[in-house]
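Pasting the structures here.
Here subunit A shows up in two complexes: once beside subunit B, once beside subunit C.
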Partner chain A sequence: MLINTVLMFLRELLPLFLLLATLLVWHRNHWRRFILLFSLPAILMLTLFSSNMLWISEQLDGFGLELLYSLLYTGCFALLCVAAAKRNAAMLLSAFACACLLSINGSNLLLYIWLPTQGNTDPSALLLGMALGVGIGSSIAVLWYYLLTELKQWRMLSYRLLLSLLGVRQLMMASALLIQSDWLPAGPQLWQTEQWLPEQSELGFFLQALLGYEATPVLSQGLIYIAGLGLLLWCSRNLKNNIRSAQ
Partner chain B sequence: MRSLRRYLVTVLIALFTLISFLAALQSYRQSAGRAEALFDQDLQVLASSLAQQYQAGSQQELGLALQVWQNNQLVYRSPLAPDTAMAESAGFTEHNFAGKRWRVFRQTPTALLTVIVAQPLQQRQQLADEVITASIYPVVLSLPLQALLIWLVVSKALSPIKRFSAQLASKKANDLTPVELEQVPAELDQMLKTTNLLFARLADAFEREKRFASDVAHELRTPLSVLQVNLHNASQQWQQSGIADPQDSMLALQAGVERMSALIEQIMLLNRTNPEHFQARTEQLDLAGLCRQVVADWYPQIEKKQQQIELLGLEHLSLKGDAFALRLLVSNLVGNASKYTQGGGAIQLELLTQAGKAVLIVQDNGPGIQPEEYSRVFDRFYRVGGDRHQSGTLGSGLGLAIVRDIVNLHQGQVRLGAADSASGLKVTVELPL
Partner chain C sequence: MKINRIKGIPWQHLALISLALPVQAEQALFELQIKDHLFHPSVLYVPAGEKIKLLVLNQDPSPEEFESFSLNREKVILGNGKATLFIGPLQPGRYHFFGEYNPDSAQGVLIALPEAQWQQRRADNAN
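Up next is the complex of A and B:
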């Protein structure tokens, strides 16, 4: 129970924390406004989805939840692309991108915590697992924030690349859900790295949260990944100037 | 980094949390693994024990001792169990048999049936140790990692202070430009601003001092020149008019004005050659040629006093230096030697190289000065014997101070000593080539 809770929280929170930390580096001079802009739609969407989870999951031949999640992941990617390209509404769009991700991960966590089966389990193990998961995730995010602050100062290209990887990770998650619900053809498997780096290991979790690591990706995912990465890198070509003008 | 405190607190807390939680997670995994192995082992023992119950005479080592008593009759015992009852009282007890210490559990489910099970204490301790060690290992192993990361984080946090300190340390004495740092943390910001403000105030003060001395000397020059001319005219008129001057008041006045004029010239030169103000224009020059020019300049006065002067040693000595300053240095030394040496005395200049340095020695056979005065004569306005110098020569007490400044400017050395002759002073100047 303990280990499952820790892994569940890490899997859900780490991508959100990494994205938040990355975007806070961008909007560090107006971080209070950014948090406010992110929190309001995030709470609204989270409440809406979690209260209608059952109804959503029954739609579209039982794939309603998967399709909604893939839509939110794609929306998150698209918002990041536009935010990186446009100077004016960058903060608002970034905040909405984070809100999209929070609505997915938050819904999953609420579902996990309030599952009927949880009633028979030891609540202290659940609480300890939550504390460990949140502690590890937030600690990585803090270190990630300071690392990116240094990178942004000296190596803007590295910051752009990491932001693009985080963005394309959301597209990768969307593609996995679409393949799962047969809305996207899978194609042949590209490689198999499960033996060397399992997705369920700590490093696997981190890489999955950072760049959408898949131990067994398929062709369509590979193509989407390359196209998405290229698009976000292109959109963020003037990111340095955008950040300067924002500060 | 905007604040050292915030950076250190957040990063260190994050590091501690991350490493401690990962270590705890690893401990949990390893302990769970060991505990699972332990439970599996118990299952194995139980299975073996049951198997033995149906295989009479089996001597397989179980690790457990088992006895079953019925109506006070031993109906079953495992190979390690003794013939007598392993425990007399119900529940958990500890006993010795078969050369070991055992933990024994006796249970009497019915009045006629008693089951006694025993396990060696050493085996229990070993299993407990395995579980505890598995849980402690990740915590202990994470300590060096924590230490390394703390060192890195603290070094990183203190790097602006280190850069600030390095910039201050690399500053030359006359460099009063402000210290510039990128990404100054809040804690260092005020210190940097105050330091730069002090530098600015100090630079202003030096500039004012420099201008003041120079301006005062310059402003005094013109009225003094006018005073000298008028004194000369007045003296001539007195002579022509036959006005008697029994106490030589006019001569004393002229001497005072001359002294003041010389003093002002020296102050201006001292100000000009001060290392803090002087912008040296170094060039390759011939020190021997420069000495010859100075001797030529002073020759009229030397001849007037019927003194002998000679230039010995190298005919050419090339070194890098400021021509104006070095000429002034040699001039002051030769002028001093001539002024303080009696009429008919001898002055000697010698040029040589020694240990990669140019050496200029100026000595005379005048009265010289006492060794205890050597260090003081370089002080500004200090004259041996005060104004009543035994030579009766006019002086400002700035000549050797100027010499010292010029030598410092060229990173050289100046020493005083007794002349090679019976009396006199020997000045040795060493300059890098």
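Up next is the complex of A and C:
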């Protein structure tokens, strides 16, 4: 129970923490406002989705949850694109992008914590697992934040690239959900790297949270990944000036 | 620029629309049950090389998440609920899956059989 809870929390929260840390580097001078703008819609969406989980999951032939999640992942990517291109509303849009991601991962965690299955389990193991999962995730995010702070100062292109990879990761997640719902054709498998780098390994786990690593991607995912990465890199071509003017 | 039009719509647009629409082909249906945090059957045989539809019935009152790294699939199934997901076409081989909320007990493997073996298995089951 303890280990499962730690892994569950880490898996759900690490992508969010990485995105939050990356965007906090961007909006570091106004971080309180950023947190406020992120928290309000996140709590609202989380409450809305969690309280209607059963209804949502029954919609659209039982694919309601997948389609909602893929919409939120795509929304997160689109908001990051616009935030990177538009200087005026960058903070608001990037805060909303994080809120989209939290509403997905938070809903999954609430389901894990609150539903009846947990009634016969040890609550102390659950609490300790939650604390460890959040602790490990936030420690990685803090290290990531300081790494990016240095990178942003000396190598702006690296920061742009990492932001774009984090953004396109959300698109990758959306495509996987659409493929399993049969709303997007998969196409042939591109490659198989499970022997070298399994997704469940520590590095695979981190790369999945950072850039949407898949050991067995399919053609449509590959095309979406390249197009999405190109689009976000293009949208963020003036990011350096945008960040400078924001500060 | 080469434009192959159907009723005035450029082919690039048609390609994009076809990507966005759900695929309508009929797929073979396979069923998996979750009871007492265990998958039944824990070994599921499917044909390789064709897309299949997997129906997962959760008979427990608690939710479960069907998860498979090798199949690239994850799906939450609410307590006493059911869920459908599409898989494949798969290469012949073994694909491990598990219940993410109860990974110690809910474990299973999906085995994709080549055409000849699949037909043989169907014939054996029919007899």
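Going forward, the second predicted complex is superposed on the first by the 247 of 247 C-alpha atoms of A that agree within 3 Å, B and C clash if a C-alpha of one lies under 4 Å from a C-alpha of the other, contacts with A are read in each partner's own complex, and residues count from 1 in each chain.
Everything that follows uses one rule, which is that a residue touches a chain if its C-beta (ideal position, glycine included) is under 8 Å from a C-beta of that chain, and two chains touch if they have at least 3 such contacts.
What you see is a predicted model; the values in this text were computed from it and never measured.
> In the superposed model on subunit A, is it clash or fit for subunit B and subunit C?
Because the two structures are overlaid on the shared chain, the partners are seen to fit without clashing.
> Once the two structures are placed together by chain A, how many degrees is the angle at subunit A between subunit B and subunit C, based on Cα centres and rounded to a multiple of 10?
140
> Does the superposition put A:143 against subunit B (first), subunit C (second), both, or neither?
first
> Going by the touch definition up top, name the partner, subunit B or subunit C, that contacts more of subunit A.
C
> By the touch definition at the top of the document, which applies to A:182: first (subunit B), second (subunit C), both, or neither?
The answer is second: A:182 touches subunit C but not subunit B.
> Closest pair of CA atoms, one in subunit B and one in subunit C, after superposing: how far apart in Å?
12
> In the complex formed with subunit C, which residues of subunit A make contact?
4, 8, 53-54, 57, 61-63, 65-66, 108, 111-112, 115-118, 176, 179-185, 189, 194, 198-200, 214-216, 218, 220
> Which residues of subunit B touch subunit A in their complex?
Touch list, subunit B to subunit A: 1, 7, 10-11, 13-15, 17-18, 21-22, 24-25, 28-29, 32, 183.
> Could you list, by residue number, the parts of subunit A that touch subunit B in their complex?
That would be residues 2-3, 6, 132, 135-136, 138-140, 142-143, 146, 149, 153, 202 of subunit A.
> In their complex, what parts of subunit C are in touch with subunit A?
Subunit C reaches subunit A through residues 18-23, 51, 60-63, 65, 69-70, 72-73, 75-76, 78-79, 81-87, 91, 100-104.
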